[in-house]
Amino acid sequence: MDMLTLILVIFLGGAIVTWIGNKLNPVIGDLLFLAAVIVPSGMFFTGVGVDSTTTINALGLTLTWGLSPLSYLFSLVVVGLGILLAIYSVPFMKGNERTGAFYFNFILSIGSMLGILVSKDWVSFFIFWEIMTWSSYLMVIINGKDVQKVGIKYFVFSAIGAYAMLMAMVVMNSQLGSFMLADTFNNFQHMSAGYQILIPLLLLLAFGVKSALMPLHVWAPGAYSNAPMAFTSVFSGALSKMGIYGMVLVMITMVNQLPNGSIIRDVVAWLGGFTAAAATLWAITQDDGKKLLAWSSVGQMGYIVVGVAIGTPLAMLAALFLVVVHAMFKGSLFMVVGAIEKQTGTTDFREVNGLIRKMPWTFISALLSIIALAGIPPLAGFVSKWMLYEALIQNNNYILVILLFFASTAGFLYSYKFLHGYFLGQEEPEWDHVKEAPIGMIVPMLLLALGTFVLGTYPQLLFKPIDAALQYVGYTTTGGSLWADSVLFSQWGDVVMLQPILYAIIAVFVFFVIFLWFKGKKNTRYVSTKDISTSGEIPKEWENLTFKVNFFQPFERAIEPFLKRQIDKYYTAFGNGLEALFEFSRRVYTGNGQTYAIYAVLFLALLLLFKSNLFG
Amino acid sequence: MVGTPVLFIAIPLLAAFLIPLFGMVWKESVRIVPGLVLTYLLILAVNLLNYVTVNGPIVETIAGWAPPFGINLVFNAFSGFLVTLMVFMGLMVWLYSYRFKSNVEYEPARKYFLLLMMLVTGSVGIVLTGDIFNMFVFIEIVGISGYALTAFYTGRDSAEASFKYLMMGSIASVLLLLAIMIIYSQLGTLNMADIASKMHLMDPKYKIASFILFVVALGIEAEIFPLNGWAPDAYSEAPGPVGAAFSGIVVKGAVYALIRFTYTIFDLSGSFHLILIIGLITLVVAEVAAIRQEKLKRMLAFSSIGQMGLVLVAFGIGTKEGVFAALFIMLNHAIIKPLLFFTGSYLVYHSKKKKISDLDGIGKLAPFTSVLFALGAFAIVGLPPFAGFWGKLSFLVAAANSDMILIIALILVVSVIEIVYYMRVVNRIFFFKRSSSLLARRPTPNAYIVMTVLGLAILLIGFYPDSVFGYLHNAANSLFDKSQYIHSVLTATIQ
Amino acid sequence: MATFILAFVVGMTYGGLVRKITARVHNRIGPPFYQNFIDAFKLYSKTSAIHHGAMHFMGPAFLMVSSIVSLMIVPVLIPGGDSWYNSWFNNMNAGGDLVFLIYIMVFGSLGLALGAGQTGNPNSSIGVTRGLSQMVGFEIPWVMALVALMISYKTTSIVDFINIQQETGKWLMFENPFAFIAAVLAMLGMFRYSPFDIVGAPSELASGPVSENGGKFLFTMMSSGSVFSFVKLTLFVDLFMGGAENLVILVIKTFALYMIPVLYGIVSPRYRTEQAVRFFWGWPTFIGLLAILYAVIF
């Protein structure tokens, strides 16, 4: 059995073995879990080359698996997050009674995502896609919260997307005679015109659901926040990127070949922009860290979709860069929330505050990740957002620039809310007992956060794989240096302009911190946050004067007309309408035997009446 | 060769009659004899199936009269496949119901196993026979056993369900006789192959009339809409294993009959489309009704009806791929649905009204049963990597190759509905708070074995579909090849 | 470095002048125009007795970073201009720096917000949320105006804008008046004078950043504020009023521009935050849209 098959088998077997092991003894379960994730990941990175292929025959169909440069890029995200989160999960899930099920679904998710990335034919793609869907579904409901509402909503939306993909792929097979990805893309022109439009739309529907593009996003806030935080990092960081992976493939290969493809591209780009702006606004109104981050994820995916939809080399570079960077900072942020949840028992901003001194490492990770999210230099988020803006301006998509800018600026609001909500504010005695999270949770968090810093200063590290990926799917314009397109890097010949600025920023920052510190700290004593000066009035110890409730009330009032319209309401109304319809059809079965007999007679009469129509 | 096709009918029939006699000698034999019979039949079936794969169909004449005058049995890849399936399911049902709620006592046990044997006899007979009146006889046998088994739990609801079944079944019999009479009066023969070869001579008026009568009659048994009113009641009032037997054995026989008439015997041009439309409507109505059900077994019954609708749609496509897909779905259904019925029975064991809401949180108390139920649910919805997926995929490929885009879309929409109601139940089982008074029944060892075997079968087919690929392929080929059927029957010599 | 000193001096002076002018309009005498320098020196020489933790230090540091880096990007004088001291003020300019600048300007407020939160004073947080909300408000017309300019001239480099104005001899203020008006309206919000001064609303919030940060912290904040004002004014002059060939012209132009928000603010009452946000999304945004349309059509 060759490497790829072996890896996937280990994932699958590992899932089952871990579950069994966990039933026997939790420690064995933990060890097996770590092994089941890390071993195949290691094998994947060392043993699988970019051009190796495997084929398996089933049911007369040939399943082909192999790695392409594009999937390699995404696999970095999947496997990287997988390993880090596996380490994180062990202390996170300690004492949880559903640990076995968690491990099982976790391993399956990672394995199936990898499977999606190595699928070279649509049947395998779909198989792994569905496995990924149901294993993440089980994760969403694993804590038993809102299973019918949130869980089923997630499954239904995913299923609609997946079945759209299924329909597209069988139609393609009947038209083009093959299930191989490469064949369907290369021979796309041979399909009739109607199908040429239908297929990409169906596929975009499938991938749009997974990347939570509006209006298909309604499952995301609930699903992201109900799943255990250790998994949500993977969920938001890697799983949603599978939608992006698919979208990239469809956009580049199919939509580009359509005569009116630019219309589809524009529509998708606008949807992405709208998603970014609207989701950001919703994030601002949230009072629970999980929901806030969930909406934020939806918004960030909007950015990525805009980049993919625009399609110029620079835009794609920006989008793919953002894919990796988003996985890093979002993964870290969800881990932060998980750590807070574990240590304090709640994630509501209105309940927790002042954790900055008690969980300093968590705070640092959160701070770095939030800065990356907001797109501030010198962290990596800036590089990707910058390139995106540049691409939009070059492509004359000015209104989109404004929309995205608005989203970024509004993003500052919820960034602040997040940091302030958990870490700043007055420290209450009820949270005095809170200790820093266990080291198994801190290390992955910090690694990801620092990673954004590294990528921000040395973005070239990521450019090579992205370049290879883009060249693989057909962008050949760069001649090896894709980033030359961006002003950030090419302005002064070979010198990357970004770096002097970054160094300047860092230098100034450090200077002033030291300045204030030495001048300020040496002879000063630390004063708790309870000790504030308010023009003569001295608040008592027991009064908590932290501003939390209705944090952005003025802003919310300003955007109130927008907040009233929720797409979710439309879906719910539609669902209720359907239920009424179903109720009606159930009543056909009256339970009365004579009715049934009459049905039979009527049916007979009907057929006899229409016999000439039926049989010609 | 271990035996001949006639043994499939002769032995269970004989066993059925002899069971009371054995019972008088040794009480336990009532339970054991059916098991022995079914095991033997399974070995025979597999053996013969492998034989016909290599050597072509077996045609066996009865009572010395050569076709087309005498009755003959045809065991080819298609009918043999179905027979194997039915016998296997019979074995599973026997093993499961070796000792369950109501047949622990001797009296009910005797009746139960007797009727079970008759049920198997009848169903297998429908599939094997090559004579339409013979088929009628077997349908009646199945009917009688079915009515009786439905009323097995003495009580008002069961009696009512059984009565409805009886009434509908009688209508079916009447219509069936009418249809047979028309054909006999026009063509003068009762042999299927003979009718097929002479079909083009028949007056279109009579042809269409008789076909319609066949469709309605067989449709009642095959639970198509709007003739399936009796089915949800029968399934939910009958004991669990009986429900499994209905969905796994009886319905398959009826569907077989319908298909045999459509594909082999009649040559009407719109017949495939009719089957397709009927199947489609059945599917949609059944799934939509399922989503509103509160009782578990009723929900499963509707789901079963829906699956049969899907099978008919697949047959209605009219291509070889369509037939292949239909058979695959039938195979999956025959394995998964009984698993659902078996596990479902145990899960609602202590519930008074057998409602789904009584299942809250039972996953903790009965983990094994619940996990298998979940496995069945995942499989029947069509999620990879379980068995149901491959069936659905074959169906979609077949439909796509015939350019039936709208049908594909409709089927997929219905699949989403299926997901909703199955997942709701799975969620309840595992993730809802359980009431403190919840009790779960421990399955008996034999039930455990059955459920595990079925579960493993699902996984096996899911991961390695090629294991059944060959059989299905041959079965599809043989159905499609009308002339071979006619030829092999009419040229059979007396044995 | 020279730029920094210039900015500091000019910024502080303007601040002081403004206080004088405000006072005169209010019919008082007011402090001398160099008052701000005195305040700054006093604050610098104070020693703090307490601190509120590490974040407290970082807040003002972030703010300074923002101001100084913006300063490094904005071209103060026209390169190659006719004054002998031009070369002192050469900055790091490059293409696309307009976009960069927008980002950096925002960064500062976020940093201050973080520092403010650490003090535990709820009023700081309130002030911050108001400030951020308002920022979302005025960013829209501001970005629209800039985008309109970018569309017209297909460049994102400030230096290019200066050059274009030099070449054509016409100020962009008149080339695309809508953009200018939208930008000025946005500027009202940026400077946080009335009617948009709810952020640090003096008579509403009895405490907040001003009372929590004493000594060196306040010094940093104050100087950063002055530098920042200077930067914004210079940016405006560069983009809309043709840049400045020498320091004198620079001072005149910036001061003239500065008077707009100051004078308007002196006589205005205060908007609530949501009113402010809604205001910005109303007329100024509309004018911004006009600006873009104008740029696209012409």
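In order of appearance the chains are A, B and C, and numbering begins at 1 in each one.
Here is the rule we use: contacts are C-beta pairs under 8 Å (C-beta built on N, C-alpha and C of every residue); 3 or more make two chains touch, one makes a residue touch a chain.
All values reported here derive from a predicted model rather than from experimental measurement.
Participant: Draw the chains as dots and join the ones that touch; what shape do you get: line, ring, star, complete or other?
Facilitator: Looks like a simple chain-to-chain line, open at both ends.
Participant: Could you quickly compare A-C and A-B and let me know which has more C-beta contacts?
Facilitator: Counting C-beta pairs in contact, A-C comes out ahead.
Participant: Between chain B and chain C, tell me the centre distance in angstrom, where each centre is the average of that chain's C-alpha atoms.
Facilitator: So the centroids are 80 Å from each other.
Participant: Taking each chain's centre as the mean position of its Cα atoms, how many Å separate chain A from chain C?
Facilitator: 37
Participant: I'd like the Å distance between the centres of chain A and chain B, where a centre is the mean of that chain's Cα atoms.
Facilitator: The answer is 45 Å.
Participant: Which residues of chain C touch chain A in the complex?
Facilitator: Of all residues in chain C, those touching chain A are 47-53, 55, 57-58, 60-62, 64-65, 68-69, 72, 92, 94-96, 99-100, 102-104, 106-107, 109-110, 113-114, 117-123, 125-126, 128-130, 132-133, 135-137, 139-140, 143-144, 147, 150-151, 156, 206-207, 211-212, 215-217, 220, 272-274, 277-278, 281, 292.
Participant: For a test of understanding, state which residues of chain A touch chain B in their complex under the given definition.
Facilitator: Spelled out, the residues of chain A in touch with chain B are 57-60, 123, 126-128, 130-131, 134, 137, 141-142, 144, 147-148, 151-152, 155-156, 159-160, 163-164, 166-167, 170-171, 173-174, 579, 581-583, 585-586, 588-591, 593, 595-597, 599-604, 607-608, 611, 614-616.
Participant: Spell out the part of chain B that touches chain A in their complex, as residue ranges.
Facilitator: So the residues of chain B in touch with chain A come to 160, 163-164, 167-168, 171, 175, 204, 208-209, 211-213, 215-216, 219-220, 226-227, 229-230, 232-233, 268-271, 273-274, 285, 288-289, 291-293, 378, 383-385, 389-390, 393-394, 396-397, 399-403, 405, 408-409, 412-413, 415-416, 419-420, 423-424, 427, 430-433, 464-466, 469.
Participant: Would you pull the chain A residues touching chain C in the complex into a rising list?
Facilitator: 354, 356-357, 367, 374-377, 382, 386, 389-390, 393, 396, 398-399, 401-402, 405-406, 409-410, 412-413, 415-416, 419-420, 423-427, 487-488, 491-492, 497, 500-501, 504-505, 508-509, 512-513, 515-517, 519-521, 523-535, 537, 545-547, 551-552, 554-555, 557-559
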